[in-house]
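Note that chain A is present in both complexes that follow, paired respectively with chain B and with chain C.
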Partner chain A sequence: MAKSKSQAITAMQTWWLLAAALSALLPLTPHVPLWLSALALTLLAGRALLNWTNRRLPARGWLILLTFAGSAGVLAQFKTLFGQNPGVALLVLFLALKPLEARTRRDGLAVIFLCYFLVLAQFFFAQSMATAGLMLATIVAVTAALGSLADARARPADLLRRSSLMLLQAVPFMLLLFVLFPRVQGPLWGLPRDAFSALTGLSDSMAPGSISNLSQSDAIAFRAKFGAKVGDTPPRDQLYWRGPVLSEFDGRTWTSERRLPLPRLAYAPQGPAIDYEVTLEAHAKPWLFALELPGQLPPDSLMTGDYQLLAKTPVTARLRYTVASHTAMTAGLDESAGVLRRALALPGDFNPRTSELANGWREKLKTDEAVLDAATRFFLTQGLRYSLTPPLLGQHSVDEFLFDSREGFCEHFAGAFVFALRAAGLPARVVTGYQGGEINPFDGYFTVRQYDAHAWAEVWLKDRGWTRIDPTALSVPSRISQNLAAAVPAGSNVPLMARLDLTLLRELRLRFDAVANTWNQWVIGYNPERQREFLNRLGMRTPDWRQMTATLAVLAGLVLLGLTAWALRQRRRTDAAQRVWLKLGRRLGRRGLPRASWEGPLAYAARIAARFPESATEIRAISALYGRLRYGSLDPVLLDELKTRVTRFQP
Partner chain B sequence: MRIAAALQDRFIRWALRVRPPEPAPVILTQRRVYVLPTRAGIGYAASLLVMLLGAMNYNLSLGYALTFLLAGLGVIAILHTFRNLAHLSLAPGRVEPVFAGDSARFTLLLHNARADERRQVQLRLAGGMSGIVDVPAHSSAAARLAVPALARGWLALPRVTLDTVWPLGLIRAWAYAVPDMRCLVYPRPTGTAVPPPPTFGGRAGNAARNPQGSEDFLALRGHQLADPPRHVAWKTAARLGADAPLMTKQYADPAAQTVWLAWDVLPTAMPVEERLSWLTRWVLDAHAAGLSWGLRLPGSQLAPAGGEAHLHACLRRLALHGKE
Partner chain C sequence: MLSPSIRKPLEHVVRATGTVILGKEGQIRLALACLLARGHLLIEDLPGVGKTTLAHALAQLLGLSFQRIQFTSDMLPADILGVSVFDRDSGAFRFHPGPVFTHVVLADEVNRATPKTQSALLEAMEERQVTAEGLTRPLPEPFFVIATQNPSTQIGTYPLPESQLDRFLMRIELGYPDRAAERDLLAGVDRREILAGLQPCLAPEELLAHQKSVRAVQVSEALIDYIQALIAQTREAPDWQAGLSPRAALALLAASRAWAWLEGRDHVLPDDVQTVLPGVACHRLHPAGESIARLSPAEVAARLIEAVPIP
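The block that comes next holds the complex of A and B.
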């Protein structure tokens, strides 16, 4: 069946292979080391030069040397050859080298398949609509190159047209398979450790500056969809999305303690529940975000002793979950002594001025509430300013912030507040997460971005349990009531989406975000659950893989049938003149003078003339006219004449 | 190996559905066109499988989409390849007689009734392979197939395999056809240095001794394409100029130079085929010499005459001797 020897490829086919390789390599250049991009493009250019000047390919030894040198470079860069990034780098290297030894059709096929693999590799780095569009163009080019391997003499425009046509016809299959192919939740096997190195988000430690770094980014942290009714969205000052809780302090950095899962919720749900769905962007950490405090956990998640919502595995792909929260919940009335003791612990010899101030409150005031009041009053009146670029602080960071610079970001506020309370003998801890967010008017999704990252404090009072106090809100209320841009001094470097001016740009961006969100929800986020949900909506009551496969087979069969009909359809072989002539034959057939299938126009006309001698002249004229039209050129004026004469011919 | 060959033979006989040879035109209806992936197609499918696993493992939704798009492309390729061959019709074209030992050249006309071009259709015989033919829309293209002509007589066109991997090379569609076509194979003439026929009747002997005697100019007539170039009146043509029609010189009645080429003048011990080879050589020589000759075979004879038509009639008689 297959030929034993593969045919040599022509110069034109080589150009196609180079074009395909270039279209697959170029979009990857931002994601592989610079030296590798440069090497790959140089190799392709070198191959193009050889093709242009019609010279021989380099000896095999050189290629082996280049392969080893390139692989060594990848090894030096990544310290390993296994894993996602070195894997992509190696594929890039091979695709750049392969054309240099591509002599036969089979080598050409290897280049084509490598190109398809690199298109897939591109999706490791981005799955946006723009990437999809760009990759579609690449696929058209690569498929055209595949076509050129099978048809060396084809013109480039024909190849591109054929490739586009075939891909267009493949789209129905793609849609059917995409919707109905039974999805499995990956990974199937262990992912390489570097799979999600590029993700950002909140970490489980907080030092001065760690959250203000996030404030420079308007990347989306997560989106939330509340109910459609007015009032389903809670007021802005209750939008505290709880993330990592930090209760250990070493003098500079707040860290979270070892997380022990709660066997069940430590509190009874109170107040009205707010139901919403969160679509969390991948951030490679296990925490999930929910409004304080969630009353019902999403599947595959757990809650720690400090009411932190955790997924069972790190969130390495966009994750969707539904939660119900009760914003008016009290929790921790019967908190264990150990937790409270740890919530009082402070390292010695730090921040003497703050400790002294707090000791003063404790000595003067009787109750915990009074101490808390004193602390909040202090934060209200100290004249602290909110800044994206606070000055660097020394060893006694809390002292310097509260008494010297008086300029900080939310982590300074929260850290200082918790320190002061602990020094005054009140159990307290830092809670990080996001505050606020913005509703996108175009799709109704509530969007929370990285610059909404926030830190606040939680203090334990005997009859109120753990109580949220936001020291930032005390000093800079506009941070909570409006957003970041309202809180920082004018002229600060605020991300575009946080700015209050430039409404047109922001609106464009919101519109784009809404489209991107639909794309993310329905294309990128089409996972087993969404598939089940979607098929349910389409009327499949219990979609399991058997039902899906059966439906898929039936629908794909129907599409195939339609396409086969297209493939085999024959054009109608009758022309306009012939149709008129056949009509005449049918009409006279009803009067007992049918046209025989073998009968030519002149013979039939003679027979008609014999039967209707008074119309003989007319029928001869008609048949002559028909002969001219049928066997000469199809003149529209004559055709009209033929039509009218045939219609008028009623012997 | 032998079983495989036998099975293939059985399959082909079943696949043809009609008893060969088939009357013209042979239309490759969809039931006669078979489709299987090529080696490249199998590689393509394997690549897609790897890509699907990758997409699953990394939860790449667009990876799924890419894999499914390419899978759809593979299915579409089946249709396009199939369509490239289905409903192609095949009609016999010219076949020139050849001498045994040469290659018979069969011309097949491929007709495409469709409005799309059919590209890269390859015709193959069990032994050799023809070039690749593109058949334009609503039009025909000729394909030439060479078959070694080993023995004199009729040589039927063996089974032709038409196949195509266009447009992507992933799928191969093929069909078998045995169009009713045959080529007349003349006996192979013996080597050039043969003695002239040993027996001569009457004045024919003079002719054989002096074959130039026929050069008695008689008249001029209008040139016909079949006239030998050396009979063209070149001097007249030069005088009349390039626009004037060419004239051919006619010579005196060549009956005076008639030879009889007879079966029984050859030694009785000579085998039949060799005898026919000798006669073929003599016929060719007589024609080349511009003689008039008659051919006498056991049970039949051709009256003396000259020219192309008579040459081919004689060669045909020799080719089919004892075969009809």
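The block that comes next holds the complex of A and C.
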């Protein structure tokens, strides 16, 4: 059957569809291949041009060709058509193509639903507050386009107002579902590894320059929440957040050795434990950060032989864990000979001047402590400077740093120090991690950023075990007592948040961080645990998912019931008489005489009478009866009569 | 259902008027509905299609007094409302009521007069009283103005402003008679003779009673929904410069009631609304585009009706 004219979409509706498609496609452009974004935007622009000039849509053959060519492009790009990224790319392609064949309302609806689906797809890539806000705006636009499909003459402002209103009306449902829908641990779909390739963070190797790169970023590494009292936050010089431990050196790069889990926590705490909660940003690596040294492990984590805290899987989503640390602790008194041997290993033929100096210490001095003192004194007196842009170093990087350039970043200090100690026969290793952090006065969270990345040294002494020595602190104390900006020469290129001036900007940024953190903690981080905690507070004792589902069903049912009752009250007047009349219209519609929605009872009856003259009297009587029941007063006896006559009416 | 005996005289009016104005039963009924709804009627058409005859016949058949005012460009308000003249015998001013003091006023070619004179009539229409020299004098009841207007494209006209058009409940066009009716007209007796022979079939009091019973015609929620939907459509659709006013909505309802009453029903159907809609709405709506301006009132109304589903 030919499509009836009333179903064809108008130019105005086409504009709306294009606007909806554009609003759904634009936010996805950074996440699909560039050629696809360009193709999609070109197709939409082409459709807009056709609409503008009121020309015919392209022939079906062209569209089929474009579809296959685009799909082949996606296949070539991703080597598969399955999976999240190729899937989204295909949807983007289809959404750009569909308007080119959208002639009827039904096609328009397909465009709308694709738009809604792509709104969902956007959250595969980002779940920030800004994304959520942008998607809400997109939903308003798409819903307005849906409204325009239903009401071709409505004005744009009315459509937008109506769709915003609908979104507002949906808020209670949204909140209800958000709070009560049973949560599962982790994301519902696996996130691709490459989603995090652009993330910054510490790696498990250190070469000159690798940490100073991080110093240019004020991205947040993690947040920590200590107890509410001021004294609960440890002093700054104890805020060493331990990360990868590097004990192998090839002359230029420090790398970590094969990690073996520690069977038990082999150290003796001194002093009370500090309890805190860490919210770690995704960094695609398994390590977790904790103050040196954690006395109690978070769930699903383990500790390696060099006291590094590891999660069982790489941290690909924001992770929250609680830890208890002892900042004073004796560890590794009974360290195995193998570990100590490896902590002394040095590649030959590197840094002869440093080796000579260290050998001199060893020959002159008797005890390990005295050698350590000599090394410390050397770093204190050598006049080493802290710099974000140290000069490039050659083959003997430690020698050049210590004796020639004397300018370096923490990885130079730590690397050189450990090298010197090893050369003097003291087992030592490099520890990387973060040092310091800053409290956000607006939400009390302790914020550690990438520029807080740091490297320090750990030396093993017979009666003290592994002991932390921070060579950077020896030469440049302000790096530890204040922060990065205080330590580097004036005029260095320091990230905004590390700077000590520009208070207003920093305050704005801190406020924004506090809001974003609330979002992360309560919206993104609303996991089963949080849900349980929240529902407990609402008085649901230990709710399990069955109970939650039941509550959800009951509440949703009640809301729906309420809405239905309200709608029924509104519609009570659409009484039985009208139902009978509409039924007659449908029945005659099948015989080619459908009732137009605007047609009054008399006009429709006249049309039927003209078509079936022998039933003219009957249909006139029926329509008069209906008019009386619907527009006069509803008389039950007459209603029964109407029903009987309509049922019997078979022209 | 209304008892047919009440409407019988009015059916007679329709039929008898039909003997004078041939082939225009729809317009006659609309004019009568307008009268029953206590509204005033504007007839817009070319000279010579029977506007005056229609007004005259209606007045005569309903037993109402009738005055005709031929509007000219040198006419003054006093020529319509009346004037106070010094009476030497009584030594005081005496008010001589103007032609407006009557049941049916035929304001012929109302758009030939100056706006000042037009508004004198229109104020009397609205308030159903005349205030002259500080004294307010009520007009007789029923009071019904039939104004005729030449299409404003003709020379020498002062078209009625929108606010004054709104005072007329309905505007109808008579149009040329069809071929058969025109032949009867040419072949038959002189219309003036028939007119003179028409006998009143109603007293003014009866007409007032009918007007009252029209106001009692039942209007259901569903019908009010429909009228609201129609009004909303005129306000929302881009076809018109401005939508219909609440006064227009009231006019639509009153006219629909009168039409339903004339049809012998005690309730208003959407069909009644649709029938009176061209007459009530079209002179109040101003098209916003070229394409709509070219449509006839009937086409405009059909466009409006077809855009609004009956709830």
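Rule of thumb we're sticking to: the second predicted complex is superposed on the first by the 504 of 651 C-alpha atoms of A that agree within 3 Å, B and C clash if a C-alpha of one lies under 4 Å from a C-alpha of the other, contacts with A are read in each partner's own complex, and residues count from 1 in each chain.
As a convention for this text, a contact is a pair of C-beta atoms (placed from the backbone, for glycine too) under 8 Å apart; a residue touches a chain by one contact, two chains touch by 3 or more.
Keep in mind it's a predicted model, so treat the numbers as computed, not measured.
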First (chain B), second (chain C), both or neither touched by A:Q169: first
First (chain B), second (chain C), both or neither touched by A:W62: neither
Contacts of A:F178 with chain B and chain C, given as first, second, both or neither: first
Touching partner for A:G525 - first (chain B), second (chain C), both, neither: first
Partner chain(s) touched by A:F512 [first = chain B, second = chain C, both, neither]: neither
First, second, both or neither for A:R630, with chain B first and chain C second: second
Partner chain in contact with A:S597 - chain B first, chain C second, else both or neither: second
Partner chain in contact with A:A154 - chain B first, chain C second, else both or neither: both
Of chain C and chain B, partner touching more chain A residues: B
Residues of chain A that lie at the interface with chain B and also at the interface with chain C: 153-154, 573
Complex contacts: residues of chain A adjacent to chain B: 1-2, 84, 105-106, 109, 113, 116-117, 119-120, 123-124, 127, 131-132, 135, 139, 143, 146-147, 149-151, 153-154, 162, 166-167, 169-174, 177-178, 181, 183-189, 191, 195, 317, 523-527, 560, 563-564, 567-568, 570-571, 573
Chain A-touching residues of chain B, taken from the complex the two chains share: 30, 36, 38-40, 43-44, 47, 50-51, 53-73, 75-77, 79-80, 82-83, 86-87, 113-115, 119-120, 134, 165-170, 172
Interface residues, chain A side, partner chain C - complex: 153-155, 158, 573-574, 578, 596-603, 627-628, 630-633
Residue ranges of chain C touching chain A (in the complex, touch as defined): 218-223, 233, 236-238, 265-271, 273-274, 305-311
